[in-house]
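What follows is a pair of complexes built around chain A, which joins chain B in one and chain C in the other.
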Partner chain A sequence: MATNGTSKTAVIRIQKFNPDKDKKPYLKEYTVTVTPDTTILDALEEIKATQDGTLTFRRSCRHAICGSCAMNVNGHNTLVCNQRVNAHLDKKGMITVRPLPYLPIVKDMVVDRTSFWDQYQRIKPWLVPPEDVPETEFRMTPEEVKALNDAEKCIMCGACYSACTVTAMNKSYIGPHALLKASLRIQDPRDSITDERLVEISGADGAYRCHTIFNCIDACPKNLNPTQAIETLRKLAQKRAAYVDARKERQKTL
Partner chain B sequence: MRITPTRIFQIQRISAIALLVFMTTHMVVVHYPPMHIDFSQIIVRMGEPIWKVIDILFLLSVLTHALAGMYMVLTDLQKIGPYRQALGWIAVVLFVVFFAYGTKTIIAFQPPV
Partner chain C sequence: MTDTNVITHDVIVVGAGLAGTWAALAAGREGVTDIGVLSKLHPLRSHSGAAQGGIAAALNNVRPVADTGPRGPLEPIPVGDEPVDSWELHMFDTIKGSDWLGDQDAIEVLVKEAPEIIYEYEHMGCVFSRLPDGRIAQRRFGGHSAPRANYSADYTGHVLLHTIHEQALRHGVKFYPEWYCMDLIIEDNVCRGVVAMDVLTGKLYTMRAKAVMFGTGGYGRAWKITSNATANTGDGVAIAYNAGVPLMDMEFVQFHPTGLYGKGILMSEACRGEGGYLRNGDGDRFMEKYASGLMELAPRDLVSRSEQTEIEEGRGVGDDKQGIYLDMTHLGAEKILSRLPQVRELALEFLGVDIIHEPVPIQPTAHYSMGGIPANADGQVIADGDGTPVVGFYAAGECACVSVHGANRLGTNSLLGASLFGRRAGKSIAKFIKDGAELAPISGDPTQKHEARIQHLMSGPTDKKESVAQIAAELKETMTKNCGVFRTEERLQKALQDIKQLQERFKNARVMDTSRRFNTDLLGAIETEHLLTFSEVIVASGLNRQESRGAHFRTDFAKRDDEKWLKHTMAYKNGDDGPKLGYKSVNIDWEKYPPQERKY
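Entry: the complex of A and B
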C-alpha cells in the first residue's frame, strides 16, 4: 500500500466468474489509487473503466437507496456505494469483494435474485385496505408507527436474505426481508388481511424457521432489525385469533 | 391435533423451560450436591417414587426438546422438504420407543438390599 499525500494505492481482490468460460469462481487482484473519499463502488467503476471491461456488477443510485450494489466485502454483506475503501482495507492494504453469498451467480458480482423476489411476492407486500374504506384519511397513532420499527425503510437490497444461513440451506424459506415486510403489513392497522398473512408466515417455511442467528441485523445497511420483526410475528402468530379480532376493532376507529 | 410449526415452536419453548428446571435440579442433586453423598445414598434415592417421577419427567422434557429440535434442524434442509411428514412420524416413533424404554428402566430400578 503506497501512500502519496492523501491518495494511496489499494489492492481490490474481486471474485470473477463467467459461466461461459470458467468452471468455478476465482479471485483476481486489481491495484487502484484511492483517496479517503473513494468508495468501493468508485474503485469497481475505475477497474471496469481502466483495467477490466468485463467486470460485471449492478449499481444505480450511488446513494444507498436503490439497493442494487449489495455485495460481500471482506465476508460482510453491505452496499458498496456508501462504503469507503479505506475503512475496509486490511493490514496488507487489500479488500476482497465477492457477490452476495448463497445465491446463484449470473456473472462476477451479479447474482440471480429470483428466489428473493419470489419469497417477497409470497407475503403480498402491498397494503390491502378494508372494503368499507372511510371517506376520511386513515390515521395511525404514533405508537403504531413506532411499532413498525422503521421496516418501511427497507430498500430490498438482499443483504439480509443472502446473509441468512437458513436461506442458504432452504430457498423455500420466506427469508428475513419478506418477513420484515410482512411484519410491516401485519402491524399496520390499515391492512385487512392480517389473518391470511399470519397463516402464511406461521407455515412450515415461515417465521419459525428462523434460528435467531442475527446475521440479517449484522448485514442490513439501513440498520433495520429483521430478527425483531420475526420475533414479533411469532408472538402475533401465537395469539392470531385475538390479534385479528383486535385489528378489526381498531379498523372501526381509523 | 395437527402438529403445526406453531405447535412445535410452543412445544420446544415449554420443554426448554422444563429442561431448565430439571437440568438444574439434576446438576445440583447428582453432580454438585451441597452436602457429602455417596453411592449408596444415590442408589437409595433412585429407588424412591418421587425421584422416579422426577426422572420420568426429565426424560420426557429431554426427548421432546431434542426430537423437536432435530426435526426443525433437519427440515431446514431443502432436500428434506418433501419428507417432512415422514420425518415427523419417525420423530414420534423414536419418542415413543425411547420414552417407553427409559420409563421402564426407571420404574423397574430397585436398590439392592
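Entry: the complex of A and C
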C-alpha cells in the first residue's frame, strides 16, 4: 500500500532568505525521513514543524488545484504538492528547492507576484458578455468548449511566468499566463470585446514578444500549452477584422 | 488607536471564495462600492476552487434513459418534452439528505433560485461542459433523484471561482490578499469591524466597517485524514464564537466516502455519478447490503458508514485493510479522460494508480462542515435561538449554518449554497448600508490584545515549551479516532479530555519564527488555537446529542430520535468553561415534508 513501503533519509537543500536579516540568499540542508509516497510539500511541512519554523512557503490545497506552491526544484519550476521526493533525488540523495526565479523574494520560497497579477489584470481576464443575454444558457457547442479547456484549467501558479526568459528581462511583457487567459476570452463565443483584446495582445508587449523557447510548456504543472495559445493569438490577430465579424455573426445564434 | 493602523470601509468581507466574492460583487452591483475583501490567501487559492463534481440545479437538460434504473445512462431531453426534474424534487431530496434537520424555508430559497444562479454564472463566462445541442451538461450525484449536477468536467469549483473572481475585478472590488483576520469586534450586539494582520509586514490593523461579512470556509482541518486545504482551519467560526456569537450544529461534519487512501485528497463523487463502483476486499459491491436502491449513489453519510463497517468487519483493502476500492475500470478511457481528467491525475500522481485500468484505494475523509455561524437566508447572523440579529454581521458559505444542509449535505449543494447565499448576503448588506447604517465607535484599541498575543507566542522559552505542530497533530489524532464516522459516549469523552489538555498545553506553546515578515509559523499557531477552540464545541455538541442523525452517528444511540432531538444545537461561549448548549427549533412544513424514515 502506498502509505507504507521502505523509508529512507533524504537531504532537502533549501534556499533561505529573509531580507530583514540576511544580506543575501543562502542554501541550508535539512535531513528528513521519506517513504515512497512522501511529497516535496510533505517534506517541507515536516521540516517546518520539527526543525525550522522560520522556513516559509505558500501552500494550501495539497492537490495541484490552488496554485500556491509553485517553486523551483532542481532547476525546474513545478508545484511541490504533487511531486514525490523520491522522483527528484539526485545521485547524492538530495533535492534543491529554490523560490520561483526572476521574481523579488519576500521570504524564503515566498515571492512577490505583483507583476504577474498586474499582467493578468491588464488583459481583462473577465468575460464581457453581449448586451442581450438569453433567459437560459448561451448555446456553446462541445467543440467550442473544448477549444477553451486548456486555458480554463490554468491555476495561475506562476511556474510558466517565472520560467519565461522574456518576462525575466522585461516585466512589461504580458507573459504566458495572461496570454493563455486572453486566448480563452478571445476564443469564447460569448465575449463581445474581441477587437479590443486582439489589439491589446498584438501590441509591443503582446504575443509577438514571445521567443517561442517553450520554457512555459516545460514548466506548466498542468501540462498546458501557453506557446500554442500565443501562436493562435498571432494567427487571429493577423485576420482580426474577419475574426471580429465572424464573432458578431456567431453571437446571432448563441 | 492611531490613524496609522485604522482602515475604514463601508463593508468588510472576510474570505474570497465563492460566498465572500459573490457578496462583494452583489453589494457592489447594488451601488455599495466601498468594500474591502480580506483573504488569508490570494483569492484564487480559496478552497471553493477545489470542488470537483458539480453545482446543483434542476435545469432539465438531461434525463435517465427509460427503464434503465437509478444508475443507468442519461440522454438529453428533447426541447418540448416533459421535464423530469423540479425545484420540488430538489427540495425533497435536500430535506431527506439533511435527515430532516435542514430548515425547510431556507431550503426552498436554495432550490428555487438555483437555476437562475447557474445561468448567471454561464452569462459571466463560466465554461461548463455541454450537451451536443449547446445546453449545459448534467450528471447524477448521490442522494439526488434526478440528474441535476451541472459541471465542468471534474473541476467545477475551479471554473466557478475563477469566473466570480474575474467579475469582481471587473467591477473594481478591492481585495486585500494575504491579510489574516484575527478578531471580530462586536459591542452591545452591534458589529463594528475586525482586527486583521497584513501578513507581508506582520502589522495589525483595526478595520472599521458598517457591516462585516464572513465567508471564511469550513473546519475540516481538525481531522488527520481530510480532503480540506491547509487553510481550512475554521478561523471565522472560532473568531465569531470568541466574539460571543453562538455556533450551530457543529457536531455535524461530513465524511466524504472517497478520499485518496492515506492522503484524504478528494476523489470526486462524480466518479460514482459517472458509474463507478465501490468494492470491498472480497471484490463485492457491498452497497447492495446498505442501500440496494441507489447503491453507490446513496448520500455521503450512509456510504461512508457502509465503508467503515466493511473495514471494521475485516473486509477492507490494502496492507492494513483500512481502505476500500473505487472501481472505474468499466467506464472506459474516453469517458474518464473527458469527464474525470483531474481525479485520474490525482490517483496517478499520489498513489501511482491509473483508474482507467485499476481500482484505486480510498477511505472516508473529513470533508464538509454542516455546522457553523447561525445565519438566515439573507446572510444575517443571529445571536440566539429566537433569531435576534447581530446588527451588521453577515455570514454565508461553509462557515455559516443557514441551515440548508441539516445533518448531512448532498453533493453539489455546497457550491450552490455558497454562491446563492453569498449573493443574497451581498444584497441584504447593500440594503442595510443604503438604509442608513452608521459606523459604530470602537472602545479602546482592539489591536493591543492581539499584539500581546503575538508577543506571548514569540516570547522566550518556558520550562515546558510546547511545539504547536505537535499539539495540532495530537488534536487531529484524537478527532479522527474519537470523533469520526462512528461515535460513542466513551470516545467523545476521551476526545473532550484530550482537547482540554491540549488547550492547557497550548498556553506553553511558542513559535520558532520571531520575525514579523510573512510569518507563517505565527499564523500556524493562531490557526491551531482556532482548531482547539471549535473542536471542543464539536465534541461537546456531539456528546449531548444522544441520537444518530445524518453525519452524526452514535453507536450507543443508533436511532434518530425526533421526539427529543429534532432541533438545532446552539453552543454559546461560557468563559473558560466548556460551551453552554441551547437548542433552536427546525423550520418544518408539517403538511408537505413531515419527517419520514430515511431509506435509500
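We adopt the following convention: the second predicted complex is superposed on the first by the 247 of 254 C-alpha atoms of A that agree within 3 Å, B and C clash if a C-alpha of one lies under 4 Å from a C-alpha of the other, contacts with A are read in each partner's own complex, and residues count from 1 in each chain.
Keep this in mind: a contact is a pair of C-beta atoms (placed from the backbone, for glycine too) under 8 Å apart; a residue touches a chain by one contact, two chains touch by 3 or more.
No experiment lies behind these values; they were computed from the predicted model shown.
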Simultaneous placement of chain C and chain B on chain A, clash or fit: fit
Which superposed partner A:G206 touches (first chain B, second chain C, both, neither): first
Contact breadth on chain A, by residue count: chain C or chain B: C
Apex chain A: angle to the C-alpha centres of chain B and chain C, given in degrees as a multiple of 10: 160
Chain B versus chain C as contact partner of A:T54, first or second or both or neither: second
First (chain B), second (chain C), both or neither touched by A:T6: neither
Chain B versus chain C as contact partner of A:Q238, first or second or both or neither: first
Touching partner for A:S172 - first (chain B), second (chain C), both, neither: first
Distance of closest approach, chain C and chain B, by C-alpha atoms in Å: 27
Shared chain A surface residues [contacts with chain B and with chain C]: none
Residues of chain A defined as touching chain B within the complex: 166, 169-173, 202-204, 206, 208-209, 211, 234, 237-238
Chain A residues within the chain C interface of the complex: 1-4, 18-21, 37, 39, 48-50, 52-54, 56-68, 82-84, 106-107, 110, 113, 117, 121, 124-129, 133, 135-142, 144-145, 148-149, 152-153, 155-156, 184-185, 188, 190-191
Residue ranges of chain C in contact with chain A within the complex: 41-42, 44-47, 49-50, 59, 118-119, 122-125, 127-136, 152-153, 155, 158-159, 162-163, 166-167, 169-170, 200, 229-231, 261-263, 265-266, 318-320, 323, 342, 345-346, 349-352, 361, 467, 469-470, 473, 511-513, 515, 517-521
Chain B residues touching chain A - in the complex, by the definition given at the top: 4-6, 8-10, 72, 75-78, 81, 84
